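Each structure below is given as structure tokens.
Okay, so subunit A shows up in both of these, paired with subunit B first and subunit C after.
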Partner chain A sequence: MRALSARLPWARGAPWAPRASALAALALGILLALVPAVAPRDITLLNLGFFTFLYVAQGLAWNVLGGYAGYVSFGYAAFFGLGAYTTALLWLAGWPPLATYPVAGIVAAAFSLIVGVPTLRLVGPYFSIATIGVGEAMRVLMLNLDRITGGASGLNLPTAVPSKTWFYTTSLLFAAVAFAVAAWVRGSRVGLGLMALRMDLEAAESLGVRTALFKNVAHSLGAFLVGACGGLYATFLQYVHPDTVFSFTESISLVLIALIGGLGTVWGPVLGAVVFYAVQDYLQTSYPTFHLLVYGVLLILILLFEPKGLAGLAERAWRRMRGAPARLAPAGPSGAEPAAPGRGGAG
Partner chain B sequence: MLTAPNLISVGIAALLTAGLYAVMSYGLAIIYGVMKVINLSHAGFLMLGAFMTLVYFQRWHLDPLLGALLNLPVFFAAGWVLYAVLVRRVMTSLPIASLLLLFALWLVLQNVALAIWGSEDQSIITAYTYKALPVLGFRIPLTRLLVFGVALATLGVLHFVLGHTYVGKALRATVQDPQAGVLVGIDTERISAVAFGLGTAFAAFAGSLLTLLFSFTPDFGGPFQLKSFTIIVLGGLENFAGVTVGAAILSFVESYAVLFMKASLQNVIAYALLVVALIVMPGGVAQLWTRSRS
Partner chain C sequence: MAPLLEVEKIAAAYGEVRALWDVSFSVQTGEIVTLLGANGAGKTTTMRVISGLLRPLGGEVRLGGRPIHRLPAPRIVASGIVQIPEGRRLWPRMSVLENLELGAYLPESRARRAQTLDWVFSLFPRLAERRAQLAGTLSGGEQQMLAIGRGLMSRPRLLMLDEPSLGLAPILVREVFEIVRKINAEGVTVLLVEQNVRQALELATRGYVLETGRITRSGTAAELLQDPEIKRAYLGM
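This part shows the complex of A and B:
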């Protein structure tokens, strides 16, 4: 059990230094922000951007707890759904959409504490199972609260919506905020604590890491961002239904984005979300859930051969390009984690 | 609502459901016990078992009960191969890696089934699907009685195998202490393969039985999988006898709760019970009395 950290060595991030990474992100962000000015009428492109950024933001948010701390949650749809309904109800009450997003985030974060304080005491896999229970319970409950949620017929929202450019830009902004939060947490005391507790919970506690607090901080930060994304999504669709915003598919999308992109890295979820949405969008018309099959196969391959995901692959390609010898995949004892006592993974 | 006949008929229904629940959860318990792996592909095999039963039924007019029997060797082999090819490779790494691998397998199975059979509801109608028998003055659907009978017989056979054969004893020894098992010459690698095969076979077997009672789609399996988790957690995770206890508790709680709440909320009970049981009594219900004794 001690050699565990060797197998999923939760990459140390892309090969760039944090500052270079931040600069690259800033440049990319500015470039993307110029798109509506260049192609203001290309609705397809703007929609593509909107959904991709929304997934980027959520993948990054999920990764704070799931990647840094290794607490894989299958229940983030609860936050997404709560955010979507918060925005929906406030918008129907006359609020401007933009003002509802922080509230949506706060509602989701408050719920994450209610769920997280007891369940985050469970170790890894049991936490994962509990989150499936919470997520599904929320979906069924919301489906039955027809007075508030519209039940099985959903809620229709105001039709006076902002422009596609507005959605594109707001979504990009959400992704940028999520990126900044994820990058900042990673380098902060909390991030170091999360990564320490992922490697060895007891050792981290014995060194004074406040594990319970840090896990809950990570959980509620993720929930806040995902909740706000849920709100934005509700505004975009002008319709909310418990089965879509609370769906298990929504939950697992975030897990897949982070895992395929590269668990625990800052750029991983960005990469993962782009691929995820591209595949989904490409296959949507002919076969609505085929991207999940593609992603399931990818996930198996990644778990077996490249635990650092696409970000790990990119890093390897980068090393090869610079002529440095590429490290062999599945990390043995000499893997990415500097101090993994005991024997390595599947040798 | 709360009349005596009503209470008794709900009790009978709960008992019949408990048998099905126990069979459905045994596979999960065996895999967890031996390998300490939470099998998130359980739902996939429940579903695939159901669809294979449909295939047997349509191709060869094979009765679902015989289909269930046929599924045992077929899925035992499938589970064995999957263990050798996939699961074995992540066994030495983080527990979460095996959980995620099996989750990915579930996604693959589900979407392959969607590609083959589409998302429409499927059902198997046999000559006896709509028949009912009188029991204690209540008319009970024949299919439910059959499923219960088969479940009891299967549990009996399983109990015998676990208690009286070499493989069964080796399996239980590995559950109790893998290292001691190795010391007395048990090939734990082999036992893990057997456990994964058995777990998969039982999932598919239960899937076949479910076709007698419910219609199914490729998404079918998720709620049953969560209920199976609830049951093995209530049963104490590593305790095979606990599975039956857990199944009975869940089934009776669910059945009687429906007298007081909307039927559409029924599944919430299992999910809530899962979370509460994980947090409050990770040792299962047995923990309650062992603790009070000490």
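This part shows the complex of A and C:
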């Protein structure tokens, strides 16, 4: 029994899952990092990679509060925009872009606390609606602060920018950091607390889980990452405008990515962002609004048939492939979440 | 010696709806005290005020002489009170072990969680057998055991049980009450809310009767069992 208590497991699902998942992510990351070496001139491919990774990072960041804790925010554009403008202004003041990203993240995280402390007391739809208000208020505010933000004409940024390969690699790095953070949170004590409060807020509080603190930690962690992404985006575009970086569409995109990919799963936002950006990239140029219809259909299908999104679908397919032998194992209660055989015998 | 828990003249409401008017009682260290009353008398509300889930409109709650009625719920858990909520409120899609882990969430209890876990498993061997199983797949009795075990993981000085017999077969009710006695014998003070009046009074040292948000009677368990009014209203005699 002592041996068991010493390694209180956090395992959700099979015990091999976290390690296999980390290895898969590492392999995928290395593979993707080699792309610029193989195709250094393929600007289209590098741009596609840049945007996809940027959305992967943001989807993962959004999912920490939105998926794990179930607080669906439609206001992350405020963090993206603040990050973009922080980088823009510091860059204009002579900072090297790379040094501005952590500051962009910190500004966004600080703002998330100002917003989160009052609004995270709200639950369910009330929280979501409050975040729409905050996001839109920020956009209008920034549009009118034209001394600082350039207002409706935006801000032109320096034209001396790093290479496409640099952007590709940096964006990939952001996605990798976001993945590591999301996976770590999910497996940690904080993650367990976030999931507990999603399922029963009052029970969690009555056991001593500091729910207000954890919600704010999750919120500002997500805001930090999204803010840094905003900074990177501003450098890439060499131009910032309140209507683009604070747009409601940006907020919605993150929700869609997490929903399509799988709320509260680590791989969900990765898959979601790939589908989201690929669909947008292929359809937007030829049929400007057709991608919205595709998202709508995808969303309905997912809500109806697979609430855990693409990640849930992949898991189901994986289980079916090796399903028969797993079913025969005596421990699994219903097959819903296989009782870890290695762990069960540890006592 | 000062009582472990003192509840003094608390009043509480849900919005405009007044639930408690003037509730005062105390629990001495080592006792099992039961709070009796019909549905809607205010028993659960009283517990929610003590555990910090509901702010009282007035009055005081003191633990070991220190006022706690203004502290947030997690701080009250840290000070040594834990509530086992009515209907158990487990996380059905988490494992038995994860549910227990959430009970030892505070830094203080986390440091001792390995020993506490061994203690809880010695009280509830069935939980040890089923630790990897999802809580939702346990039987009703096992779920109640898990709810109690989860509360014990914070090493409380005062364990508050809200209707632990709810929805259990009579034989399981006896088993749960037996375990409460055992936990009490190991030094945990117990405040028990029950509709199952006879069994609660057989277990408890003292009792209080709540009626429409006020304490109307109190005494030792033996006195209350003999009280003709209680016999008539709650024991059907």
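Basically, the second predicted complex is superposed on the first by the 305 of 347 C-alpha atoms of A that agree within 3 Å, B and C clash if a C-alpha of one lies under 4 Å from a C-alpha of the other, contacts with A are read in each partner's own complex, and residues count from 1 in each chain.
The rule is simple: a contact is a pair of C-beta atoms (placed from the backbone, for glycine too) under 8 Å apart; a residue touches a chain by one contact, two chains touch by 3 or more.
None of these values were measured; they are calculated from a predicted model.
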| item | value |
| --- | --- |
| Partner chain(s) touched by A:Ala203 [first = subunit B, second = subunit C, both, neither] | second |
| Partner chain in contact with A:Leu292 - subunit B first, subunit C second, else both or neither | first |
| Which of subunit B and subunit C A:Leu192 touches, first, second, both or neither | second |
| Superposition-derived comparison: subunit B or subunit C, residues of subunit A touched | B |
| Contacts on subunit A seen with subunit B and repeated with subunit C across the two complexes | 4-6, 8 |
| Subunit C to subunit A touching residues, read off their complex | 51, 53, 72-74, 77-78, 82-83, 85, 89-91, 93-95, 97-98, 101-103, 105-106, 109, 113-115, 117-118, 121, 128, 131-134, 137, 150-151, 154 |
| Residues of subunit A touching subunit C in the complex | 1-2, 4-6, 8-10, 12, 189, 192-193, 195-196, 199-200, 202-212, 331, 333-334, 336-337, 339-340, 343-344, 347 |
| Interfacial residue positions of subunit A with respect to subunit B in the complex | 3-8, 70, 72, 74, 118-119, 121-122, 124-126, 128-130, 132-134, 136-137, 140-141, 143-144, 248, 252, 255, 259, 287, 289-290, 292-293, 295-297, 299-300, 303-304, 307, 345-346 |
| In the complex with subunit A, residue positions of subunit B that touch it | 38, 86, 89-97, 99-101, 103-108, 110-112, 114-115, 222-223, 226, 229-230, 262, 264-265, 267-268, 271-272, 274-275, 278-279, 282 |
